[in-house]
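After this come two complexes, each holding chain A, first together with chain B and then together with chain C.
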Partner chain A sequence: MRDIALVAFAQTDHRRSSDELSEVEMLMPVLHDVLAQTGLQTSDIGFTCSGSSDYLAGRAFSFTLALDGVGAWPPISESHVEMDGAWALYEAWTKLLTGEADTALVYAYGKSSPGSVRDVLTRQLDPYYVAPLWPDSVALAALQAQALIDAGDTDEPALASVAARSRAEATANSHAQLRGSVPHGDYLVRPLRTGDCPPIGDGAAAVILAAGERARELCARPAWIRGIDHRIEAHGLGVRDLTDSPSARLAAEKAGAFERPVDTAELHAPFSSQEVVLRKALRLGDDVRVNPSGGALAANPIMAAGLIRIGEAAAAVHRGESDRALAHATSGPCLQQNLVAVLEGDPL
Partner chain B sequence: MPEVLKAPLAVEFPFTRSLGPVQSAFLTGLRERVVLGVRTGDGQILVPPVEYDPVTAEEIRDLVEVAPAGTVTTWAWNHEPRRGQPLDTPFAWVLVRLDGADTALLHALDVPGPDAVRTGMRVRVRWAATRQGAITDIACFEPYEGRPAEPAQPAGHTGQFADPITGIVAAARLDYTYSPGRAQSAYIHALSDRRTVGERCPSCHKVYVPPRGACPTCGVATSEQVEVGPRGTVTTYCIVNIKARNLDIEVPYVYAHIALDGAGLALHGRIGGIPYDQVRMGLRVEPVWTEGARYPDHYRPTGEPDADYDVYKELL
Partner chain C sequence: MSKEPVAVVGIGQTKHVAARRDVSIAGLVRDAARRALDDAELTWADIDAVVIGKAPDFFEGVMMPELYLADALGAVGKPMLRVHTAGSVGGSTALVAANLVAARVHSTVLTLAFEKQSESNAMWGLSLPIPFQQPLLAGAGGFFAPHVRAYMRRTGAPDTVGSLVAYKDRRNALKNPYAHLHEHDITLEKVQASPMLWDPIRYSETCPSSDGACAMVLTDRAGAARAPRPPAWMLGGAMRSEPTLFAGKDFVSPRAGKDCAADVYRQAGIADPRRDIDAVEMYVPFSWYEPMWLENLGFAEEGEGWKLTESGVTELDGDLPVNMSGGVLSANPIGASGMIRFAEAALQVRGQAGEHQVEGARRVLGHAYGGGSQFFSMWLVGSELPDS
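Take a look at the complex of A and B:
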């Protein structure tokens, strides 16, 4: 297999609203940023893949407008996933593995501000038995949180401390939307308080992948993707044990995460309770630094937040702050789908 | 910078979905106040039932009837019900394992407050007054003191009902406040003064109309505004012979690509003020505005000589 690395990462400042910008206007600066980091032009990129959602935008084929930002002419090799950009990265990784391209640009964006993201996310649920009841994303996460509390895996003060630690870590992240001390707030859907829930915001991110020697040319310390895998749970919420995430564990195992300890983990856990599930499923000890970026509790641009976890993990490797990092992305209600990547730097 | 425009945008869709044999039996059963589950290969009973085993992916059709009462496996207190949710008074979301089932069903529980709900409490179905074969035929759950029958052994069920439902209409509405962003806002603002503005790419110098803030050829941001038109040249056209619904234009009419003077690509518009069979490539046209309109109604000939093909051939 070819060695493939993440060589550049950029993200927007995530904000509650960016209505002065269209999606492509919001996206363009991060595309230019990753290209500038590597010295590449859009015409040098072998494969382009993006993640976004029409339901968030409220328009069909909304991703085609964002394509203006990557110079889609002359015809480029391009694809799109109607999912978080982490899954676009997975597609790009497989494309590079085939040898058909040596570099890939992966980007993702989401503007939650035009609509009501709690309502929008109900449309991804089972349309026969669940979606007609309009259970919103916070309600479903709250069911999972109560299951964890009943199982003795956590309690409300422990959840509050997860949220407080995330926002404290985010003080060092200028892109984050919620930083420092954030009131834990009232119940949004009990047992989750506003502080247990992610901020609603707009944002975008982009990364560049490169294979083999090309990666070394483009980056002083490439973040080599040692393994990446994604798995899914049964869609029926009542079929699953909500206190566990066997799909995250299996993805981690297949990605090689358990072969050697990791020093850093970027977990896509939009709700404080989901970090509890993931720490257990991914067997993360207290010596692993979890979400030094602040994680999704500090900024959760839907469709980009998972790609940002991979980008943040890679950036820690680039900076020499991590030698072996785990990155996780999720999609769907209550951690339904999980992707795990393991990133390593060359020995310093 | 002019104010960025905003407008309400409602997206509504009545998705029409067909049901497979198991879903049809389950939803028809709800209409008849019967709750059905399905037995998996390893003997688990799934409620609500699915057509494929979540573990083995085998097709499963072995229907059983379970009780309309059960036990809460987890809950969440929803003090501010949202549009479309089962109750409009504060309620608990619950996962309920019905007696005889091994998995839980998501629904609402009608209780006065969070102190009246706990994991493990007994509940039963409250049926909707009118039922049509949908998950909302269960209006909600309500507290229930009865114990499960011992042993809770579900009986097989044929899943056969008179007049089974075979599909559902899943209506949905989402509300947005749409903003077209900086570049398109500037374009629309200019149109209100009956001017057309594009943006020039700093790299290839092409002028995009309407501008979207990026050059799709070069992948770079555009920001330099350029006023184009008002006159232009027909680069290509077609003759429309079929009347569109709700369109108050006599057929045949001509629909054309029009390269406004100074623009790097053509817009589209209708050509009027000339018989349809006299429209031609190279015809010089100008916009015709009607009172209160937000964009030109159509374009008409200016009377100038036709443009040379070489002048507009790059814009075809």
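Take a look at the complex of A and C:
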């Protein structure tokens, strides 16, 4: 199998609101950033893939405008997933594996500020039996958190410490939205307090992938993708064990995450309770540094937050701070769908 | 670097209709998937991954419906990807699935595309106003009509050509049990007498709004060897995109379409598409797009596409049949329409197209486009395993 690596990563400063910017304007600096890091131009890129959601944008075919920002002229080989950008990266990875391209640009973006994202996400649910009841994303996460507490897997102080650690780590991340000491706050939906929940925000991210020697030319220490896999679970919460994540475990196994220990993990856990589930499913011990970026509790631009986890893990490898990192992305209610990538740097 | 050859071994469609009130969205997609599995004589357990596509989520009012559809498509415990590239999505979805096999990530992949337009209203789904941007002008017809007019002016095509395409495609649809429109009393005069909607596009020259799904089982060489019926082999496949609006854009014959076709022909070793390709399933939502795409895809010189149509070359018994199934003009479950083109191309080279089979079809092109004529996806399938 062909060696493929992340060679560049860029993200916006994630913010509660970006009224003055269109999605394209929000995305453009990030695209320029990754291209500048590698010295590549749009016309040098073999394949482009993006992730976004029409429902967040409030209009059909919203991604077509972002493509204008990429500068798709002369025409480019390009595709789009209506998913988090982590899955766009997966599609790009398979494209590079076929040998049809040597480099790929992957980007993702989402603005949650124009609407009520808790209401918007209810539209992901079974449209006949569940969505009409409008159970929002925080309420569903609270069900999961309560199940964990009932099972003895965690308690409220432990959840508070997850949130506090994440935001303390984020003080070193200038892109993060919530940093430093954040009050644990009042209950939003019991047992989750405001501090257990992610900030609502707007943001974008982009990465560049390259194969083999091309990766070494473009990056001093490429983050090699040793494995990447994703799995989905049943949609109905009633048929799932919310205290566990068999799909994350299976994806990790298929990505080779359990073959050797990792030193760093970037988990897409928008709620403090979800980190508890993922740590167990992914067998992360206390010696693994989890979410040194602050994770999704510090910045959760929907549709980009998963790609950012992979980008942050890769950046840690680029900087020599990690030799073997695990990156995770999720989609759907209560961690329904999970992607795991294992990234490694060459020996220093 | 060698790619795994990709074979189509199972195809399933629903009977496309205006409103499938008897099934949910999940029921609709499962119908098509079940038929594709039956065709391949496989079970859900044989599928390694699912790749699903559809046009905007606003068309049904369900955000990222693949989450809810995971159970219905037997995807639980498996990888599931959701593709969205506007109207070209059905084709793009098949190509993303094919890449999983070609890259040897998976052996057997179920790919499916659908639209259940009756759940919502596509006209309004495409007409959400947004400041400083050109709206699609009350649906797609308003956007495309000026480009048809530009084609007529540029080529001098007589204004009768569009109705010939519609008349042909609606007659072809009578031979396809899955087509939405079965107009048994269709005549050329009726097409020409139908109301003008977006000048020069008449009512009978437009696609219907359909509920429907299409599924395919794609597999590798080993999977094809076990298949009960002849496989269709992918000889080439490509996607190309260009910006929506810019000064240099040629809406009549976009460069992205030309580049996409050229890439497919290069992969498949096609020197002269008019000679080397036996039939085409082409994305023609408004009748005039047949002559336009004949030129864009290299089957006719610039300005000459309408002459092929007018001379009967694209009829079912012509020298280069186009839209043997009845095409998008006879069934348009939008998100599925591109995949139906790809699947119908595969049916032809497998010799499984029934009454609308083209005798001896060995190499057939499936074509899809979307957005403001800016997204293109195509594949060429053949009855023989490719050399490489």
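Everything below uses one rule, namely that the second predicted complex is superposed on the first by the 348 of 348 C-alpha atoms of A that agree within 3 Å, B and C clash if a C-alpha of one lies under 4 Å from a C-alpha of the other, contacts with A are read in each partner's own complex, and residues count from 1 in each chain.
Simple rule for what comes next: a contact is a pair of C-beta atoms (placed from the backbone, for glycine too) under 8 Å apart; a residue touches a chain by one contact, two chains touch by 3 or more.
Predicted model, so just to flag it, every value in this text is computed and none were measured.
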| item | value |
| --- | --- |
| Touched partner set for A:Phe61, first chain B, second chain C, both or neither | second |
| Partner chain(s) touched by A:Arg2 [first = chain B, second = chain C, both, neither] | second |
| First, second, both or neither for A:Val120, with chain B first and chain C second | both |
| Touching partner for A:Gln146 - first (chain B), second (chain C), both, neither | first |
| Chain B versus chain C as contact partner of A:Asp19, first or second or both or neither | first |
| Which superposed partner A:Pro132 touches (first chain B, second chain C, both, neither) | first |
| Partner chain in contact with A:Gly236 - chain B first, chain C second, else both or neither | both |
| Partner chain(s) touched by A:Ser79 [first = chain B, second = chain C, both, neither] | second |
| Partner chain(s) touched by A:Ser247 [first = chain B, second = chain C, both, neither] | second |
| Those residues of chain A which chain B touches in one complex and chain C touches in the other | 55, 58, 65, 67-68, 71-73, 120, 123, 127-128, 131, 234, 236 |
| In the complex with chain A, residue positions of chain C that touch it | 1-3, 24-25, 55-71, 75-86, 92, 95-96, 99-100, 102-105, 119, 125-126, 128, 130, 133, 238-246, 248, 254-256, 259-260, 263, 371-372, 374-375 |
| Residue ranges of chain A touching chain B (in the complex, touch as defined) | 19-25, 28-29, 31-32, 42, 55, 58, 65, 67-73, 114-116, 118-120, 122-123, 127-136, 139-140, 142-147, 150, 187, 189-192, 234, 236-239, 242 |
| Footprint of chain C on chain A - complex, ascending | 1-2, 48, 53-55, 58-61, 63-65, 67-68, 71-83, 87, 90-91, 94-95, 97-100, 120-121, 123-128, 131, 229-236, 246-247, 250, 331-333, 336-337 |
| Chain B - residues contacting chain A, complex | 1, 4, 6, 9, 11, 15, 17, 19, 23, 27, 46-48, 50, 54, 73-79, 82-86, 93, 95, 97, 103-108, 114, 119, 134-136, 168, 170, 172, 174-184, 212-221 |
